[in-house]
Structures are given as C-alpha cells and as structure tokens.
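The structures considered in this document are given below.
Same chain, two partners: chain A is paired with chain B first, then with chain C.
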Partner chain A sequence: MSGYLTSFEISASGMTAERMRLDVASMNLANATTVRGSGVGLYRPLQVVTEPASLASFERAMAGEESRVGVTARVIAVDGEPRRVHEPNHPLADANGFIEQPNVNPVVEMTQIMLAVRAYEANVKALNAARTMAQRALQIGEA
Partner chain B sequence: MMEAIEGVTMQLALMALDAYALRHEVIASNIANHASADYSPQGVDFESLLGPLRAAVHSNQSELLISEQMSDVAARVAVVPTGAAEVQLDEEMSALAVNTLKYQALVSALGRMTALDRMAIRGDIR
Partner chain C sequence: MMAIEALQAIGPTAAASVDRAAMAADRAQPAASSFADWLGAEVDNVDERIRAADGAVRQLALGENVELHRVMMTIEQARISFELLVQVRNKVVEAYQEVMRMQV
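Take a look at the complex of A and B:
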C-alpha cells in the first residue's frame, strides 16, 4: 500500500519538472542572440520533455510495488535551422556579412515560462491539499 | 468478524478515506504529468461502486452481509483512465478541491462518531 507520502513525492516531482521548464526557457532566452563563437558551436535551443515515471504500471506504483511515481523530466537539444541575420560589421560575420543565431523564438519561450509558473502553482496547490488532508487525518478522534 | 463488531459505518468511512487518499495521489499525478506526451488522465472509481451497497442497506441485510459486500467494494476500487485525451489543469484543480473537501468532511464525521464512543468510555455527559 502506498503511504501518505506518495502524494508529496508526486507533487514534488511535478514541481521539479516545471522548475526545469523555467530554467530551460531562461537559458534559451539568455542565448537567443548568441552567435557561433570560435571553437564554440551555435547554441542549440533546449526543450523539456516530461513523461510519467511509470506509465505502464501506474496502478502497481500506487500499490507500492514500484518506487518511482510522478513525472520525470529530461532536457533535449533541438536542432533547427539557425536564424541568419545580416550584420556586416559583426566581428564574426561571414563573407556575405551574415551571422547565425540560434533558432529561439522569444514569444514561445515567454509562453513556456507562463505555462511553467501556472503548472508549478497547480503542483503546489496539490501539495498543500495533501498536507491539509494529512493534518486533518491527525485530527481523527479529536472532538 | 472484527468489521462487524466495529460497525459498518466506521468500515465504510475508513474505506472512503482510503479511496479519497488514492484519488488525491491520482490527481497529483495528473497535474505533475499534464504536459507529458502519451499520458492519459486517470481517475479513481469509487462512488459508482456503492450502488449495490446502498441497495443492501436499504433491504435491511444483516450487518455481516453488508460488511462482506463492503470488503468486495474495497477490493474493486481501482485507478482507471478517465477517457479524456489530455489533462485539463482546471478540471484537475477543481477535482482536487472537491476531493480534499470530501476528505475533510469525512474526518469531521469520524470525529463526531468517536466522540460518542469517548463519551461512553468516560461516562460523563457535560
């Protein structure tokens, strides 16, 4: 039987995932205008992929047979066509006066940040609800 | 046998508490996985199982029989897909609020029930 702490674990894993989403969006935005440096390749935009910690056996996880519950998040780098910007005076411009910048869309990143914050809040709410329930359970038998 | 002595009401309340706790875990998991690909939201089937139990109570079955039926219901509480394609955060949040409220209401009810026992044990009525 899964203990009452499972709920906390699930919500905590969700919060970790959303925090990672926020970190990645910040990283992408910070690197939105970096160019291909000497020796350093062009920044590849990152993306967070989440998947259930135990999709196939959710019920078994609930029964305590599997230890991992909640969500797992990993970061992948996305290969995209770099944005070519005409900046002839740039020290790293090529023969035609173009520099290459990573394919980061600031609008998409900003929406990702907003979504991550909202989802983080939802996880916090679930965590608080679990705490409330546990606290109330402690009151069973009190008047 | 113990269940029959403890009373079916207590047994039902404890079963419902377990079901709500499980449902909370499922909702938390839905929220945590709201953006996961290939994840379909899950739910807990509990209230729908109570129909036969209600019928048994209404037809004045013996307490032992009702208790057995209750154990049967407890064994059938399961995590099932809700059928929705993807997680709707607002739906999950309201389900969470409802579930927490039900849990709290049940705990309060249990408190009242045990208050009667306590009064009997202490033997005082204030």
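Take a look at the complex of A and C:
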C-alpha cells in the first residue's frame, strides 16, 4: 500500500468511523424511551471512541511499507444515572409510580448525527481530492 | 565560463543521484527486469483490481455486509489503475508510430 492508495485507505477509515458514529446515535435515539424489560437490563447509552494511528505507522505507509493508517473506532457503553419519569399507569412503574429510562439526551444525539454527516462529507472530499490528484498525474504529458 | 563551471560542479552529483535512483528502482523490482515483464505484471494488477471492484459490487447487490464507501473506493482504484494502463499503452503506441514515421 503506497501512493494514492494510502490516501484512499485513510479516508475510508474515517468514513467507517463516522458511519459508526451515526449508527450509534440512531441506536441511542431509538432506545431513548425504552424501559427495563423482562430479563433485559436498562439500555446503556453507547458512545463511539476513535483512536488515531501512530505517527510511526503513518510514516511506514508513506514509505510504501505495509501499515495500518487512519483512525480506528470502537463502541463503548457508558453508565449514567437513569432518567426517572413519573408514569403511574405504566406496567413497570415502581411503588411511587416512577419508571426508569436510559440517560439519552436527544439534543446531544442530534448533534452527533450532524457531526457525523459533516465529517463523512469531509472524508469524501479528501478522497475525491486524492482521486483528482491521481487523475491529474495521469494527464502529465498530454497536450 | 561561469555557467560551464556551475554545470561541471553539478555534473557528478546529478550522475550520482541518477545512479542511486536506478539502483533504487532495481531494488524495488528485482523480478521485473524488462519493460514487457513490468507491463505484463501491471496488466495482471489492473485485472485484479477490476475483479475486486466487480466482487465488491456483487457483494453489495447481494445485500452482504459491505460498506458503500469501500465499494466506491474499490471502483475508483480499478478505474485509476486502468487509466494508468491506458496512458502507458498510448505512450507505447505513440513511440511506435514515431519510429515508423522515421525516414530511412
């Protein structure tokens, strides 16, 4: 892996991470109003953690050696104080008429979605720039 | 006079750097010694890329778990390597025609 393929690989890893961010935000939003089910605990909000590649691996990739570049993303579940909602008629309500819902903030999740879409766009731009560079290089020597 | 001296000064350096570049090229491709070998390997390479793009599109169409941007990236890689091959072919044909036009 060397040359323009490295740029492609870096952009692709960014896009994979942003897709994961979008999936996680959707997952959190979809589960925002769920309650503790039978046998299933309360939903724990998910969060994407991205880790950068080391400078050394980037330099190896630039030198044309096999190396993993770009970001790696993984998903973690975060614990938070559950939201207590007063709903006395709910079948799962406790003695005081409260149910517990996961600590998901819809505003934060919407911001995450916008962030993911914009960052994805930026990665596509970078990939297209790499592609344009390669195509310009192929035009060298043309009239 | 001054220009010639300047040229003499850079002469050996330039030659040395060309030697180094040639040696680096030799090291990089020990097996592919001739242009024909290189071209053959490159055709295989492009064929491989096009097959990869084909496979990625097929996987996507079959609804397998493959990311859309990976598919697009594979297609672009295939396209760029094919364009490189076409450019090399154009240059070879151009050189051939240039030789054929030569007055003997």
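Descriptive notes on the structure:
Note that the second predicted complex is superposed on the first by the 132 of 143 C-alpha atoms of A that agree within 3 Å, B and C clash if a C-alpha of one lies under 4 Å from a C-alpha of the other, contacts with A are read in each partner's own complex, and residues count from 1 in each chain.
Please note the rule applied: contacts are C-beta pairs under 8 Å (C-beta built on N, C-alpha and C of every residue); 3 or more make two chains touch, one makes a residue touch a chain.
As the structure is a computational prediction, the values presented were derived from the model and not from experiment.
Of the two partner chains, chain B is the only one touched by A:E51; chain C is not. Touching more residues of chain A than its counterpart among chain B and chain C is B.
Once the two complexes are overlaid on the shared chain, A:S13 sits against chain B while remaining clear of chain C. Once the two complexes are overlaid on the shared chain, A:R118 sits against chain B while remaining clear of chain C. Look at A:R131: by the touch rule set out above, it reaches chain C but stays clear of chain B. Once chain A of one complex is fitted onto chain A of the other, the partner contacts of A:G141 extend to both chain B and chain C.
In the superposition on chain A, contact is made by A:Y4 with both chain B and chain C. Contact with neither chain B nor chain C is seen for A:V40 once the two complexes are overlaid on the shared chain.
Chain A residues 4, 11, 127, 141 lie at the interface with chain B in one structure and with chain C in the other.
Across the complex, chain C is touched by residues 4-5, 8, 11-12, 15-16, 19, 124, 127, 131, 134-135, 138, 141 of chain A.
Of all residues in chain A, only 2, 4, 6-7, 10-11, 13-14, 17, 21, 49-52, 55, 58-59, 62, 69-71, 115, 118-119, 122-123, 125-127, 129-130, 132-133, 136-137, 139-143 touch chain B in the complex they form.
The residues of chain C lying in touch with chain A in their complex are 67, 69-70, 73, 76-77, 80, 83-84, 87, 91. Chain B makes touch with chain A in their complex at residues 17, 20-22, 24-29, 31-39, 42, 78-79, 89, 92-93, 96-97, 99-100, 103-104, 107, 110-111, 114-115, 118.
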